[in-house]
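Should a chain be cited, it is by its letter among A, B, C and D, assigned in written order, with residues numbered from 1 in that chain.
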Amino acid sequence: MKQYEYMAKGVLAEHGIPIAPGRLVDSPESASQAVTELGPVALKAQVLVGGRGKAGGIRFAATPEEGAKVAGDMLGMTLKGYRVEKLYAEQKLPIENELYVSITTDRNTKKPLVMASAFGGVEIEDVANDKIVKRYVDPLVGVMPYFGREMAQSLGLRDSLFKEFSDLVVRLYQIYREKDAELVEINPLAVVSGHLVAADARLNIDDSALYRHSELSCVEEGSLLEQRVHEIGLAYVELDGDIAIMANGAGMAMATIDAIEYFGGKPANFLDAGGGASVKPTAEALGVLVSMKPKAILVNIFGGITRCDDVAKAIVQVKNTVGIPVPLVVRLVGTNEREGVELLNREGIQAYSVMADAAEQAVHMAKEAR
Amino acid sequence: MKQYEYMAKGVLAEHGIPIAPGRLVDSPESASQAVTELGPVALKAQVLVGGRGKAGGIRFAATPEEGAKVAGDMLGMTLKGYRVEKLYAEQKLPIENELYVSITTDRNTKKPLVMASAFGGVEIEDVANDKIVKRYVDPLVGVMPYFGREMAQSLGLRDSLFKEFSDLVVRLYQIYREKDAELVEINPLAVVSGHLVAADARLNIDDSALYRHSELSCVEEGSLLEQRVHEIGLAYVELDGDIAIMANGAGMAMATIDAIEYFGGKPANFLDAGGGASVKPTAEALGVLVSMKPKAILVNIFGGITRCDDVAKAIVQVKNTVGIPVPLVVRLVGTNEREGVELLNREGIQAYSVMADAAEQAVHMAKEAR
Amino acid sequence: MAILLTHQDRVIVQGITGNQGRFHTRQMLGYGTPVVGGVSPAKGGTEVEDIPVFDTVKEAVSAVQPTASIVFVPAPFAKDAAFEAMENGIRLIVMIPEHIPVQDSIDIVNRARALDVTVIGPNTFGIISPQEHTKMGIMPNHIYKPGPVGVVARSGTLSYEIAYSLTQSDLGQTTVIGMGGDPVVGQTFITVLEQFRRDPETRCVVMVGEIGGSAEEEAAEYLSTLGKPVVAYLAGRAAPPGKRMGHAGAIIERGKGTLDSKEQALKSHGAQVVTMPWQVAQAVREALSR
Amino acid sequence: MAILLTHQDRVIVQGITGNQGRFHTRQMLGYGTPVVGGVSPAKGGTEVEDIPVFDTVKEAVSAVQPTASIVFVPAPFAKDAAFEAMENGIRLIVMIPEHIPVQDSIDIVNRARALDVTVIGPNTFGIISPQEHTKMGIMPNHIYKPGPVGVVARSGTLSYEIAYSLTQSDLGQTTVIGMGGDPVVGQTFITVLEQFRRDPETRCVVMVGEIGGSAEEEAAEYLSTLGKPVVAYLAGRAAPPGKRMGHAGAIIERGKGTLDSKEQALKSHGAQVVTMPWQVAQAVREALSR
């Protein structure tokens, strides 16, 4: 779960990392008021996308009037597909220099990875590798100030910046651990009057750990449909094609999408009905697919823990309640395959046993329906 | 630094360990009020001594009137040398069983040690060794619930007590680490209606770590004189003899006391003037000794980092300001010994070079002064 | 033969009294797995499928001398269970639960390294060695058969699909192992390939990968020293960047973890890369006949 | 010869720019110690006593290849300094500061064990090897001389008193080591005695102990296998229970840590126990002439 900039900065501030004075505004009036109190500000769109600045998501206001006007322009605008609902008004900083620092989890070493660069202010992917200082953390030891000092030295920092940076890395690691962060990033980490200030921040929380972070604000990401499917507990991603897909297991769902494209079709979604799904969630998932009004639906089930007769029951149930007004292709093999196929046949639904055949047929039917 | 029972229980409660409802009372009126609100209570003297119950420091009150009367009796009483200033009024618990659990630091293994017993309610020293379950903690791993379950199993706990105990050990270890505890002890750990409740608690904090625990209440222990000397930054312990002692270094101070007893004298105190003490603290320390009005004073200095001339200057300074109206014996060897001895001789003070001679002389002079 | 898990192992089930634990204990026993005990706090003294249940791993260790443990406890308790197994001397741990916080997995995996413990998962279907009639996991029993193919996968049902197609093509398996779908798991392709290298009966290895991370790229270089043919199939060809495809690990992040870079890396080190799962069996047959 | 510290070591000073660090760097150099560098954050590039100062231990390691470090930083920063040294490959660390929180010492000492690092202290006067003209510590230089006696002490000035009395009796020392006055320190009597056992030039060992803990009792059993005579002097005979005698470790707690049990244990394992510090030299002389 991503956190908005203002939330991320709140967490930084709680952990003693300096941020500029700022506040959330949601109207021209509150923006004007913010300039009155803070002086010249940057008005920053609170959206969960990178490259916000270049896309016009950060503008400046020197006077209350200008604050109201700029806020009026920005609020409600669409930025890379996201509607701007809130702005963060932040005192304008006389930035002398921009650094970068972040902590993520490195999958290969299975360790936390601290990255820093003296060349911040741009996406870290755009920084040359030899300008990035990387250090892995031994999670049984953690991050102590010396770790930060060694990085500060590699960055060429001196004097107060040297010490402030060391201290900051320790605090950043506390956030990473205590908040179960997937990513905590300060970019740019600004130098203002010779001191470090977090000028922008990202904080992404591990979804699996949200249960122990009731203190964090809940941020919904994704389309309304995605949110709805996530609420029923299934993994779902909207794609831009016209063949709706359901499979059991994330790998199978990916492979099914791949198969649709392989035969020249366009998948409408990714939907993992779960590795051992029973009748009810399977029926709910299928209901979602129907509601998308695709050109065809492909259900691809390898019955391992999932029982084929359960899947068949779910299909029959949806057919006989909300109805399935689009071509439906079912591939059904594995546990209780015979019972499942019989159930479907009784309702006039054919079942494939080979994945390739089913995918090809789904693409064929979608083309016919166009 | 020891914490009073009510403070220790406050820390337990903050960490989710069950305690009985209770409050601090310091007058018959507030005790009466407490009984009105809590029902029958135990009134427990808040003093830093063990064996409080046997010494009459815990009494019961069933009615508000009784509460007022008992509190009136207890407040101001002296318990093992400590004046009772405050009582903790705690709802009376129908205790079914008494366990013991504590965490301390084990010096030999250099690890935290968790001890528990199904036979609580008495000092752990009085529990047979085979009735105590001991487990060391790997500090790089910490205490997870399984650790508690393994202890619970060794204690023969079942069902809800099994789970509650496991959980409690985890929380107790959090306290031990987060509060820099030397000792955290729940004794008895009572079973009330089939659930665990901390009926009494001790919490001793590592003095060296107090700087990072501004959240803890400060508790002064020791006599007023001891407190005064501790405030000037020196280690000081009152003893019951009549020969005042100053040495540099804790080991030397102990050895000096031992030497006094060896020659048949009675040391009045332990005073470590520090391994590298300069003129000012040495003079202050000597001033304290003079104020004790002993029969003799022995200053025993091995000048390593400590310079003998600094010590001599301090002695001369005290002699010429507050005065030293009792026999003074000085032993002075090591760094700048010659300069130091000369300074003393000029003031008519003899200096010994052999520790045994000085100690013997101090005992002799104290006997003469009696 | 097999890797990591054989019929000589003695398996305990942590969380044996839960629904999942009970069901899969029955399945594992049915496959022939030597399940010797279960652990479920405060349920010690009972039995599940005639298997004795203990309060703690410690107790199980002294009673039934297990060598391996499969963990079915809910995710919030998984770290505790894994440490309980490790600290009590268990040397092979299969972590079934999904949604274990990544920080917990980091702690588990790094402690396991220090103690030289093999962790499979979390969020895995487990490991099965058909010749040994032994499995620790939630995979269906009937889709495998003994044979010369080693299979290592990141994903569950997809590996079933592929293992079943191998079995139907009469290409049996030495061991099929699921590394798990989480960002941080105990094994890497390299650690598993190294096991397959040392197993004389494994004559060909199938890697089932997917988008996200760089596990496949890291493994590619190792292939040169494997000395056995590798067939790779990777899922997620059609996945858009920035979208998490079910698995917490399956996401193309800012240009990293794309299928293309993975396939290129594997190909350049000699792997036979197929584009669709149903092409795996044929590629394996060709590799074995070479 | 000597134990733990020789003239082959290359010493750095962490906290070299503080008053104590500067003073004792001069003293150590004056004694002949091969001090090769100092560390002081954000003071890198300067010099103290012509010794180069670095920002980090890491930088010092690559510039001057130290083997040992002596730590003079204030107590709240001591854990950080010790870990910095350990994680950068330093294998002998002398921790001078007193008042280091015990939890920090626990972390330092246990991590040191895992990395096979020798920690002396905290709250120690250090270690000195007279024959080697090398010391890491705050002890006065002039009270020692080379010879056959090994000295291990818990307390500083008291060990000076005893070492000086040995020196005045012409009984020189191989190495004098202070374990430190805190409840948790890196060494035990046993670990140090084991070193003295292996040093052929150490012909007699003096133990300077005190009340508190059970370090002496634990060590007693080891004496049987030491193969060298031991003279022990313990301080705190007249100390009352429950009172901390200066050292955080020197306290008789609820019947434990009394002088009597310590002396009994040592005597029963063959140690010559003397009651006053001035009796040590004579006992050593007798032990050596036997």
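The rule is simple: a contact is a pair of C-beta atoms (placed from the backbone, for glycine too) under 8 Å apart; a residue touches a chain by one contact, two chains touch by 3 or more.
Quick caveat: nothing in here was measured; it's all calculated off a predicted structure.
Asker: If we look at chain C and chain D, which chains touch each of them?
Answerer: A, B
Asker: If we define chain centres by averaging CA atoms, which chain lands farthest from chain D? Would you check?
Answerer: Centre of mass proxy via C-alpha means gives A as farthest from chain D.
Asker: Any idea how many Å lie between the Cα centroids of chain A and chain B?
Answerer: Chain centroid spacing, chain A to chain B, equals 54 Å.
Asker: Between chain B and chain D, tell me the centre distance in angstrom, where each centre is the average of that chain's C-alpha atoms.
Answerer: 27
Asker: Of all the residues in chain B, which ones touch at least 2 other chains?
Answerer: 138, 140
Asker: What are the residues of chain D that contact at least two other chains?
Answerer: Chain D, residues with two or more chain partners: 111.
Asker: Please name which positions on chain A make contact with chain C in the complex.
Answerer: So the residues of chain A in touch with chain C come to 50, 105, 107-108, 110-112, 123, 125, 138-140, 177, 180, 182, 206-209, 211-212, 235, 237, 239, 247-255, 257-262, 267, 270, 272, 275-276, 302-306, 333-335, 354-356.
Asker: Over in the complex, which chain C residues touch chain B? Could you list them?
Answerer: 41-42, 44, 55-59, 77, 79-81, 83-84, 87, 111
Asker: Quick check on the complex: what are the chain B residues that touch chain C?
Answerer: For chain B paired with chain C, touching residues are 138, 141, 144-146, 149-150, 153, 158-160, 162-163, 166.
Asker: Using the touch definition up top, name the residues of chain D that touch chain B in the complex.
Answerer: Touching chain B: residues 75-76, 98-107, 109-111, 114, 125, 138-140, 143, 153-161, 164, 181, 183-185, 188, 208, 210-211, 213-215, 218, 235-240, 243-250, 254-255, 275-278 of chain D.
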